[in-house]
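Read through the structure below, which is laid out as structure tokens, and then see the notes.
Chain nomenclature is as follows: A, B and C, assigned in order of appearance, with residue numbering initiated at 1 for each chain independently.
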Amino acid sequence: MHKASFQQRPKRVALFVTCMVDMLYPGVGIAACELLEKNDIEVVFPEEQTCCGQPAFNAGYLNEARKLARRFLAVFAPLVESGEVDAVVAPSGSCATMTSHFFEVIFNESRETDLAHQAERLASVTFELTEFLVDVLGIVDTGAQLQGKAAYHPCCHLYRELGVDRQPRTLLDGVEGLEVVDLPHADDCCGFGGLFAIKNSGISAAMGRAKASNAEQSGADAIVLCDVSCMTHINGILSREGIACHAHHIAEILNNHLGSTLRPPSQPAPAQADHPRRWGD
Amino acid sequence: MTVRDTILSRLREALQQPHLPFPPAHSEPLTHTERMTVTHVDGDIWAQAHRFAQELHAVKGSCELLETVTEARLSVVSRLQLWLEEEQAARKTADAERPEDWDVLCWPLDQLQIEGLPLILEEVGFKLIQPTDLHDPEQRERIRYVRAGITTVEAAFASTGSFVVGGRGPNARAASLTPFRHLVVIPFSRLYATGEDWLAQMRHAGKLDAYLRHSRNLSIITGASKSADLEGNLTTGVHGPKVVHAILFDDLQQ
Amino acid sequence: MQVDIHAPYKDRVNQALSDPNLRVAVSKATDRMTNARLASMGAVEGQLLRTQVRKMKEHVLSNWPDYLEQLETNLTRNGCTVHWAGGIADAQAIVKDIALQNSANLVVKAKSMATEEIHLNHALEQAGLRVVETDLGEYIIQLADEPPSHIVAPVIHKRLEEIAEVFQEKLDMPPTREPTKMTSLARARLREEFFAAGMGVSGCNFAIAETGTICIVTNEGNGRMVSSMPRVYVAVMGIEKLVPTVEDAFLQLQALCRSATGQQLTVYCSMTSGPRQQGDVDGPEQVHVVLLDNGRSRMLARGYGEALLCIRCGACLNACPVYQEIGGHAYGGTYNGPIGAVISPALAPEIAQFKELPHATSLCGACREACPVKIDLPRLLLDLRSDLVQEGASPKTEAWGIKSYASLMNSRRMYENLGKMASIGSNLYAGMSGGNIKFMPPPLNGWTAYRDFAPFAPKSFREWWRQRSKMRGQK
């Protein structure tokens, strides 16, 4: 994946919010959107976007994955090619990996060279949120404030496919009042793995429990990560195991969505702190 | 078609498939100039000898560095005597002494480049065992319980504390393998900074290929026989020697 | 509970997950080996080493038949006998015949995955021969009548007390858990076997084409024993285990040792170029090399050639969080861990024989990061999944589910409706169970068996976006 270098600071980006954020965690999308806007980036949200096709690709259904990939390219590529936006930004390492790495792979496999090239061009201006904030905009401090202890969990696709690790850590270090502690075995997978969590649920959950016990050992009030899929898994395990720690998407922290203090879910949080996820309630 | 031809033709056919994802159609070999040297040692021969000692210690071996061949001669004798005492002490009985305690399985000692060594060893009472055919049941039986072996080396690598033993002619492979203790004598002239250095010099001299083929067997040995199979507990002397002691001496002064 | 490798996949996994000893033993050992690897690769230019070994091996595979012929020529010139084996039956027959012709009633073996692959011990025992594994770990599992569960650490799944029990039961060892005493006992017993054996068998870590040399790597010295003590020595090698030159061999050796156990070099690397000659004190009088295909040429043709770069160091097993949870036996084949999940199906006549394995991974990529030849294991696992789908080997309900999902997601209207329904449904349902969802119907019960699920948001991001845009009067 070759990333474009911008001659001028980008002005407008298209938000690829991802289907999970759209439907399950709109607060994360709102935070991402506001973070960009705070930094003088105009956000465009192409409403035709749905899912990137990763679940189909991961399960081995390449025809179905290509169907959704074609749709994605049809929605996003013209925006970039016409110059209407300078980049595509996603609050997810995993979905960004799918669109900026595996699209090319699946179209090469079907020898649809034009689409593969289009995917490659789009990939060069596609960024995960923290990658965009740090590498493109040069931000190290988002102005966020939060009291408490947090540990960072590097999600596998973000860390190993996109090679993004320093960026979210830098931004977390910039949060005033937040003590960032080490997560033991931090780069071990949480066990989510998409369909794996259903097909091999026993193994997946065992991995999740290992992650949860490491989270507990770290003494952190919160696990911070950049993918809501892994977040769903880790929180599902933490909740089931009754461990007083919660996973949060980094955007929520960087955009001050969690109130002033991190606290375990057992202690009721102030009402407004819950606002982003329950928006519209 | 023979099995051989079937296999080879299948491979050729597969490699000619137009869209084979792997391997790349054209790939260059790793050249001598680009191939990396993995480990490094700086300094003169003494620095290299010190490094060898340090590395051998790290893999449960021991080592002494000596300035002259005279010291090396004394050292071989006193090391064997020390081992003899240790063996007998370990048996914990007063009448522990057994005649086979004095047996030493060895290569022809003139190879050690230490003059007069066999004579001294025999004077002290050691019995030097130099088998000629270890598939002969009698000779094989003779070495079964020998506790110490002496060999020299083809080469030694300072950066890893390794040495290479050959196995042809009168040099029994068994001498560095079956005894509980292995005494290895290494003149500085056979010490190289790294394995890569040794290979490069052999290659340069144009003899690497033939040397390896004619060697029948070469073993690179790095430390004492060991295993971690018992739940990660490190144990030594599993099949090969538990005690590996190297005597390095400077033969470059003369 | 011990894992029965002949049981169906789901049972094997459940057996493995319900054995607390297994997890303790495996994760302790894999952590130790991973840390050793990281330290050892970090102490040198590890990334360059990986790049170079990969380049060298890629070149070999690009010119695979030529290098095989070169190896064959040189082995023959050195006085070795070369045999070619297409599959398991061929290979078994070759080795068995060599043993019978030489009246070798006792066979000593060094640890070898290739001989596991061809079930050699079983075949030789059927022919009335006694076969003794001499690697300490292999010896233990042979006594316990189990297959190896790790490429380099075969008994990784057993704790010390379990091993002590095996020794007490099978070798009449007095009760002890002293590793030194257990090792001495094994040394004494196996020494008798080495001296009595008529034939030694090993695998081959790599063979040098330019010289016709078979290299085997051990820490215990049993590799040297089996290739030096008996009159007959047989090396069974997968046909991909080739390097062009002596220097390449030394490079790969270092990558192997550092990646497998974090050693700079293993204690012994034994390089055999030919049989004993006139005047040699010892060494085998016959050296046989069995070149084993057993699916490797098919694997190349199927598009899984990248996995043939594997040098069998086991680093991917140690790095794998799935392997740490279930150990090796749950994989049910000769090879396990991430590389096993690729090569077990890729080597098999039908990929679908191991159809569960490509799914037994979260695709986290830790294996690729650990691999000394940078095999893109997650990618190969994805390819296998796709091949399984194309062969129609995936469950019908799954295929229907994925196709439906793709159709729904291909329409904005349907996507939005689905979102609304899921939101209303899950919130109603979550309300009943007090916040989080604790149970979902099949197939989603796989999720809620172990984890809670937070309901869908009452209003989606896009609804927020639209409302905000309206308020701002943009639309």
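Keep this in mind: a residue touches a chain if its C-beta (ideal position, glycine included) is under 8 Å from a C-beta of that chain, and two chains touch if they have at least 3 such contacts.
What you see is a predicted model, and the numbers here were worked out from it, not measured in a lab.
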* Decide which interface, A-C or B-C, involves more C-beta pairs in contact, and give its chain pair. => B-C
* Asked: Relative to the centroid of every protein C-alpha atom displayed, which chain's own C-alpha centroid is closest?
  -> C
* To do: Round to the nearest whole Å and give the separation of the Cα centres of chain A and chain B.
  => 55
* **Separation of chain A from chain C, taking each centre as the mean of its C-alpha atoms, in whole Å** => 33
* Structure fact -> Shared-interface residues of chain A (touching two or more other chains) are none
* Within the complex, which stretch of chain A touches chain C? -> 17, 19, 21-27, 29-30, 33, 45, 47-48, 50-51, 53, 55-62, 64-65, 67-68, 71, 105, 156-157, 160-161, 187-189, 191-210, 232-233, 235-237, 239-240, 277-281
* Structure fact -> The answer for chain C against chain A in the complex is residues 13-14, 17, 23, 321-322, 324-326, 358-366, 368-369, 379, 382, 384-389, 394, 398-399, 402-403, 405-406, 409-412, 415, 419, 422-423, 436, 443-444, 446-447, 449-454, 456-466
* Asked: In their shared complex, at which residues does chain C touch chain B?
  -> 25, 28-29, 32, 44-45, 48-49, 52, 55-56, 58-59, 61-62, 64-65, 68-69, 72, 74, 77-78, 84-86, 90, 134-137, 140, 153-155, 158-160, 163, 179-180, 182-184, 186-187, 190-191, 194-195, 208, 210-213, 219-222, 224-225, 227-229, 231, 239, 244, 246-248, 250-251, 253-254, 261, 263-277, 279-283, 285, 291, 293, 297-298, 300-301, 303-306
* Structure fact -> chain C partner, complex, touching residues on chain B are 2-4, 6-8, 10-15, 17, 20-30, 32, 34-36, 38-39, 55, 59, 131-135, 140, 144, 159-160, 162, 167-174, 177-178, 195-196, 199, 203, 208-209, 212-233, 235-241
